[in-house]
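Next, two complexes with subunit A in common: one pairs it with subunit B, the other with subunit C.
Up next is the complex of A and B:
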């Protein structure tokens, strides 16, 4: 045990906290839900045949379709889905137990190629609503065979003949005031929350870590400057600033929201890393590294940073939770990206229409996601605490 | 102690300066022209009538939105630059790019007096259309501002001058433009162009007024730095003038002050309530570790901690006030429609009645965080030697917990006091929007939606100021409560 890597040690300890470990599993499940969303809900049929024509799969091609998914976000998830299904079989069915580095690299390259492909791919049947098309064709006497995902709805497909319908088998969570299937929107909303959480946190962790490292390592004027900046940022109520920034961006996309969150929240990791670096600076291994003549960058990011990363990881986990909360708050106030089915957006519709499904479904979804993240964060914090380790 | 407070107070102005710098930067560097949507909602750029354009120009002038943000380089514009902009603005160039056209037009509109010099030089241009366009631009650029609080006589003169110059135009219309290059010359057909008299009028006018439109080197340097949006903003800020709302022209600072009473009373009541609940709860769960009650309260607090404010608020509102299923509480607002009819007591009851749901939501946000700290604070203290001594000398359990452990264990809560304020203020947007309380949060929200950026800026600066004060108060109370902490 003594020779084990620190990460193994923490992981081993983490697994002992059943609640936190189960929460992590649930979060992975949620991420998979986000990736596999089109398999559950899409208005493009998986298989489609008109009378005796060839079998087609509009669903598959729509995965790469910028016209169906207006944000880049969905395309990324879809590429993950296309790559994920085969790798899912590879990794979990048992062909490969531990993914070797080379397989991962190949997957990464494939991921890039597929993303590039979507840039040049322009399917012609972009906005066709297949369920409607099918009805028309059947009325014309044509024979149509089609296989749909579980929920044959798009997250934007409006159906004004079916507004505010109650919970039923066809619509597990009913429809909203524009006849859009709530369950479908909720599923796609997972994508938004997951991306906002992960991406903005990754971004501000990088900014905060670098600034904190600089401040902690150099001290003196650099430290004073960065500390001043942090202090100033902390004095402005964060949500006020985020809302103000969001309001003055024209044509907000979800990426703008992420950038804004990152631009405001970087102070937490910066303060933390600064403190850690100040503590580490006088430690023997750092002094030894300086004496061996390593460059400053090497010392900061190769020697010191790994030792400061533990607490950063814990705040990152809590940070994902708070980013998700902030994004939904911003969307709830109508200042987010109005084209995406974000949970906050759905709740906003719920507030203005007073429909219970539209209030409870996104609210509970946000609550569950945030709780899971908080539980994982707490577990991680305890797992890293040497006092609690057996 | 006093020295410390004085020092902290002295560092506040520079911090506030940086805060306003950041806020100013954020609001001004963001794309989207503030005030535009407020002034001309719906009308497309091209469809704007000249009257609308004129009123928008005056509006921009009033709020200094026509000035460059940080550095002003407009006095270095040459006739060539202006010629290019004119060609762009009228779409006479090769490229018919609507965005470029709009940009050029806005630039010409904003540059104002700085254009007069180059435009006069352009009057000798061989292309008659350009001459005519320059004259039209000159009429706009040479407008003197009528100051409402200025000298009446001067205003009248300026007004008369403005009116007079409007008649110095080319007398005939210009043939429909073919696509031409900048330097191409269209031969002036006889009878169609007669700009000569107008050109002469403008030139004589410029000879008389040249001193208004040429600047010495010193003046130029001054204007580079001080004829800018930032400079005007700061000059106003120094005498607490946050400017006027671009929506209803009310004084932003006054409005924010009047809104503060709602927000502050709301957050103070909630904070008090949260402390009143959190402290006993924290003590209870620290003392009774492992009991059913402790587990239940931990669970409840965990749930509260992860519940988003807007969700709690919406559910409470929907559940208890909209008449479906229950209608116990009013649907929003701070008080009833006409509070003047009520007696003082009744109006207090009325306000309380309105505040139940928002305060409940607000408290739930604060409570979870607070009682966690209360619990861990007590746990830290309860195992210490002096508590054991207190028990050993035979004091009752109640006295030990409350008097000995409690006092020390609650110190962390004091530091939270300052940190809570920004959280509460942030929460106020959501709660005030949901419950329609006319406080600072709702004002910010409405200002944001109207792109009323003086108001946004004022709210942000005021909120930051409050936060600074809150942090200071909590630091001081921390020092008073814990003599081990030295502030020197």
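Up next is the complex of A and C:
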């Protein structure tokens, strides 16, 4: 209670906005869904035993297998999953109260090691389809014990004998035109949306903040140059820019899409930070810091930037929402990364096949996520407004 | 011993409306162990002078166009910025008028002092903390050890100004520039802070440039006074001389507008007219539109008269001897 940091003050106020706070909780749940996706849906059995052989867990080893999870993004999430379970017990079940800095550091190192390990890890049995294998073995008279996740499907596993199947217990959202389980793809799509949102926003926030800070701090010619750049970016319709840029990249990965989003959206934080820096430049504590002998870097990043970050954080929240929308638009138009099961890709499949589950499911998911983000953004904005704080 | 010498300093602002000669050829000096008062109406260039010393003029539009500022014999105006940065905050420190906004709201006051101490003295955290507590008790902050971890918004204005002073003094500077340090504070706090400055002058030989509107403050704390008008120094004197024998018509006008200078029952006098805009200062004496002693000669640059020991005045017709008494009466 005695803590008086500005961030604590804002957090305290934010928690009073019930709707925004609940939205944040739901977004955290969505993030957890993204991390724990393989626990819900995977075609690799969690446990597997043939006759009296040893117990195995193909599911666990597949987590780090680049033949199963082709994208780096999924591997990163899987590493988070593997580390997430023990840290969950450490933080929440254990009686750890104080922020365990050392534990966090250890986890971070582990994270790095695991990530490196996955780069060199190529198990041979990766492409095995365990459900098929099981059928064959049972037909051969062997005894197979297996435990699968709730949805025993991979997000890439095609089943041509089961295309366009309607909603059923086995397939809660049916299958698409290639027989892939839609629900599974939607769950893994959360990963794409979360990454696209967070990564592109982080990227363009850094770019925009640095350029805006330079413009606002130096003023004059530097400012004029950066301002012209912003104006040029703003004068081109962003969708046109996105389409043009997407057309230039031949083999588009989801990271290209993120770069494209960052290239379009950086102007918002740049303008904001520029304004904040111009305001802060003449503030007495900044002048006092100059008079105390501090150098430019200290003035810009230690004195001014922390005071400009509040509004940036609010736009970042809205930015996550716009990034998710842009990715969906780009994918919907067939210009995204076709190898990932993003919500936009599912929507695109829905458009080309006319299957309503493929349109409704991602549509609703996008709508809900974007709405939650906007609610959180608005709550944050209000929480930072000193006029609304009592 | 001379601590700081300003020679013919000119700081101009190059704005869209034109060139503002806000500080236009001023010279004065500050000695060790001396509190120099700088007085003058709003807009006469006091703050610009102070900011010129540390070269913290907002640039653009401002620029030091001429002059030398010698500190320890080194010219601050032509010095490379890296060398100047070592002097800022360590040898010459500055405190500002507005205590409410002079501290960074996102850090505790202790963190802000620690940064300065590690920058100039290279103190580690423990040494810095000890030093901060010591400085806090010096400037009269109660429970100094507890206040170190407070955020600025948890403090009163007077407390913040004390923190500012502690921050300015923590590296033991030899010159303190205080730009209206007590204007925003109530009278008791004001007196305490001024007493602190006097104590530091006496005990540590600190030189102080004290900018103020308040001639009462000048009378109580300063050793010498510089009177500025429209970007120029019009009179320099020790504080006794200035109050006993003011020489420049503008100084006389300032003293007449003091409540206790007026005889009981008589009306408070004010200087007629307004400070001219820096865009079109009159030629010659800039005070001539408002001066009761003005003559045709006053459209020429007024000469410098030495009217007493260390008492200089820039005027064609300065008051001599006790002449001003008649003007006041």
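As a working rule, the second predicted complex is superposed on the first by the 384 of 390 C-alpha atoms of A that agree within 3 Å, B and C clash if a C-alpha of one lies under 4 Å from a C-alpha of the other, contacts with A are read in each partner's own complex, and residues count from 1 in each chain.
We take it that contacts are C-beta pairs under 8 Å (C-beta built on N, C-alpha and C of every residue); 3 or more make two chains touch, one makes a residue touch a chain.
Quick caveat, the model's predicted, so the values are computed rather than measured.
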{"item": "Clash or fit (per the criteria above) of subunit B with subunit C on subunit A", "value": "fit"}
{"item": "Residue contacts with subunit A in the superposition, subunit B compared against subunit C", "value": "B"}
{"item": "Partner chain(s) touched by A:6 [first = subunit B, second = subunit C, both, neither]", "value": "second"}
{"item": "Which superposed partner A:282 touches (first subunit B, second subunit C, both, neither)", "value": "second"}
{"item": "Computed vertex angle (subunit A) for partners subunit B and subunit C, CA, steps of 10°", "value": "90"}
{"item": "Touched partner set for A:335, first subunit B, second subunit C, both or neither", "value": "first"}
{"item": "Which of subunit B and subunit C A:356 touches, first, second, both or neither", "value": "first"}
{"item": "Subunit B versus subunit C as contact partner of A:303, first or second or both or neither", "value": "second"}
{"item": "Which of subunit B and subunit C A:290 touches, first, second, both or neither", "value": "second"}
{"item": "Touched partner set for A:220, first subunit B, second subunit C, both or neither", "value": "second"}
{"item": "Partner chain(s) touched by A:371 [first = subunit B, second = subunit C, both, neither]", "value": "first"}
{"item": "Per-pair minimum CA distance [subunit C against subunit B, superposed on A] in Å", "value": "13"}
{"item": "Overlap of subunit C and subunit B interfaces on subunit A (superposed complexes)", "value": "none"}
{"item": "Complex contacts: residues of subunit B adjacent to subunit A", "value": "15, 18-19, 22-23, 26-27, 30-32, 34, 302-303, 305-311, 314-315, 317-318, 322, 324, 422-423, 425-427, 429-430, 433-434, 444-445, 448-449, 451, 453, 456, 459-460, 463-464, 467-468, 471"}
{"item": "Complex interface listing, subunit C residues touching subunit A", "value": "54, 56, 58, 60, 85-90, 93-94, 96-98, 101-106, 115-116, 119-120, 150-151, 153-154, 164, 167"}
{"item": "Of subunit A, residues touching subunit C in the complex", "value": "4-6, 219-220, 281-285, 287-295, 298, 302-303, 306-307"}
{"item": "Contact set on subunit A toward subunit B in their complex", "value": "228-229, 231-241, 243-245, 247-250, 321, 325, 328-329, 332-335, 344, 347, 350-351, 354, 356, 359-360, 362-363, 366-367, 370-371, 374"}
